[in-house]
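Each of the next two complexes has chain A plus one more chain, namely chain B in the first and chain C in the second.
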Partner chain A sequence: MNNRLKVLRAERNWSQADLAEQLGVSRQTVNALETGRYDPSLPLAFRIATVFGQPIESIFSE
Partner chain B sequence: MIARSDAPPPLALKILGIVALASFGAATGAAVATLGINRAMAWSDEVALVMAVGLLAMAIASAVVMATRPASAPKSSGLLQIATLLLASAMFLLPIYGQQFATADVVFGAVIVLLVVQTAANVMLWKRADEMLRRIMAETGAMAFIACQTALFIYAAAERLSLVGPVSSWGLIGITMGIYLCASCIAAARRGIH
Partner chain C sequence: MSKSRPRRPFGFRVYAGTMLATVVVGGIAGACAAILGGGPGWTSVAINAAFFSVAMGAGMALCVWWWRGIDEAAREAHKVAWWWGGSGGMAVGGVILLSVVLPDEGANLVKNMSGQDVFAAGMAALAGCQILGYTVAWVGWWLWHR
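Up next is the complex of A and B:
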């Protein structure tokens, strides 16, 4: 699964630690999400969508 | 919001880690010489000793990373993780060297106490972990189980056929820990955690 996490984060000038804090996960998890090493659970995907204010399908794609 | 740096650790930090681990290696060597560990040991004790030293090294590496981390970084469960590694190391060392300082009953009691504390710490680690870290723990358990079960079956079949000698449970637990540590490294590396 692909995602636009890194781009969205960079647009907001957030570090991985900043995003991790908002999502309630570790920085390693944000890094793994951005590099495609980990696909989030549905609850986490919803939290990501909420944090960026965008629908899930605009952030994640197959 | 002010962005914090995601840059890799500086060279000084890496050098500090190398120095810490080198010092640990020297201290281990000195301890081995002092305690007369260089006498002939059973292979099962040697495996347990390697596991204990490996766990200690991991605890020291974790402590160095935690101590040199920027103050702004989340503290997560670093201390708890270090505690579990140290306790596991002590549990491997006590059955080998404990009887130099206390009776077998006392040593066994101490091992059980450490096991209870370490189990509680592991449960706390699980509860504090986020979903990816829990996934890594679950994958580690699954990989270790399959590897241990396969290895045990092969050895048991060979033993039943009198092709190999029996293995002590102390030897088996050392091997099991080795497999578990390898599995945890693989599971973590797959998620980009080194």
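Up next is the complex of A and C:
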């Protein structure tokens, strides 16, 4: 699954640690998400959408 | 940034502290069992069972507390490591142990050991192989998901 996490994070000038803190996950998890090597659970996907203020479908795609 | 932030997941320091705590608890239980439960009869069995039950219970309680504090990716890594690493380690270790112990040469290796010592050594060897497999799989999961 592809995602725009890195782009969205860069637009807000956040570090991976900043995003991790907001999501309640580790920096390593944010890194795994951004590389597309790890797909988030539904609750985490919703938290990501809430943090970025965008619908899930605009952040994640197949 | 959002105003209410979720709790930060546990990191390596908490993991190391948890491991140390389980070692200490296990060591205390083992020492108590060795001192008080080394005699003959079923009383000794009951004493050993009591100490080890308390230690295992404390260990499991620590595991539950720690598991709840890590994030989902860390849980996924540990699940994969437990299944594939533990199974793979047991498979490899089992082959090695059976290949070495069953033939006559294997009997020579353990001829000076008591039955209890052989049993304990076998358990320790297999557990060691599982732990090694677990570690390899856990490291591999994180390297693959970088």
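Worth pointing out:
FYI, the second predicted complex is superposed on the first by the 62 of 62 C-alpha atoms of A that agree within 3 Å, B and C clash if a C-alpha of one lies under 4 Å from a C-alpha of the other, contacts with A are read in each partner's own complex, and residues count from 1 in each chain.
Please note the rule applied: contacts are C-beta pairs under 8 Å (C-beta built on N, C-alpha and C of every residue); 3 or more make two chains touch, one makes a residue touch a chain.
Computed from a predicted model, the values in this text were never measured in an experiment.
In the superposition on chain A, A:2 makes contact with neither chain B nor chain C. Within the superposed three-chain model, A:15 lies in touch with chain B and out of touch with chain C [touch as defined at top]. Looking at the shared chain after the overlay, A:38 reaches both chain B and chain C. Touch criterion met: A:51 reaches chain C, while chain B stays clear of it. Once the two complexes are overlaid on chain A, the chain A residues touched by chain B in the first and by chain C in the second are 14, 18, 21, 24-26, 28-29, 31-32, 35, 37-38, 40-41, 44. On the side of chain A, the complex with chain C involves touching residues 14, 18, 21-26, 28-29, 31-33, 35, 37-38, 40-41, 44, 47, 50-51. Here chain B touches chain A in the complex through residues 1, 3-6, 72-74, 76, 130-133, 135, 190-193, going by the rule given at the top. For chain A in complex with chain B, the residues that touch the partner chain are 12-18, 20-21, 24-29, 31-32, 35, 37-38, 40-41, 44. Every residue of chain C that touches chain A in the complex is listed here, in rising order: 1-2, 5-9, 11, 71-74, 76, 142, 144-146.
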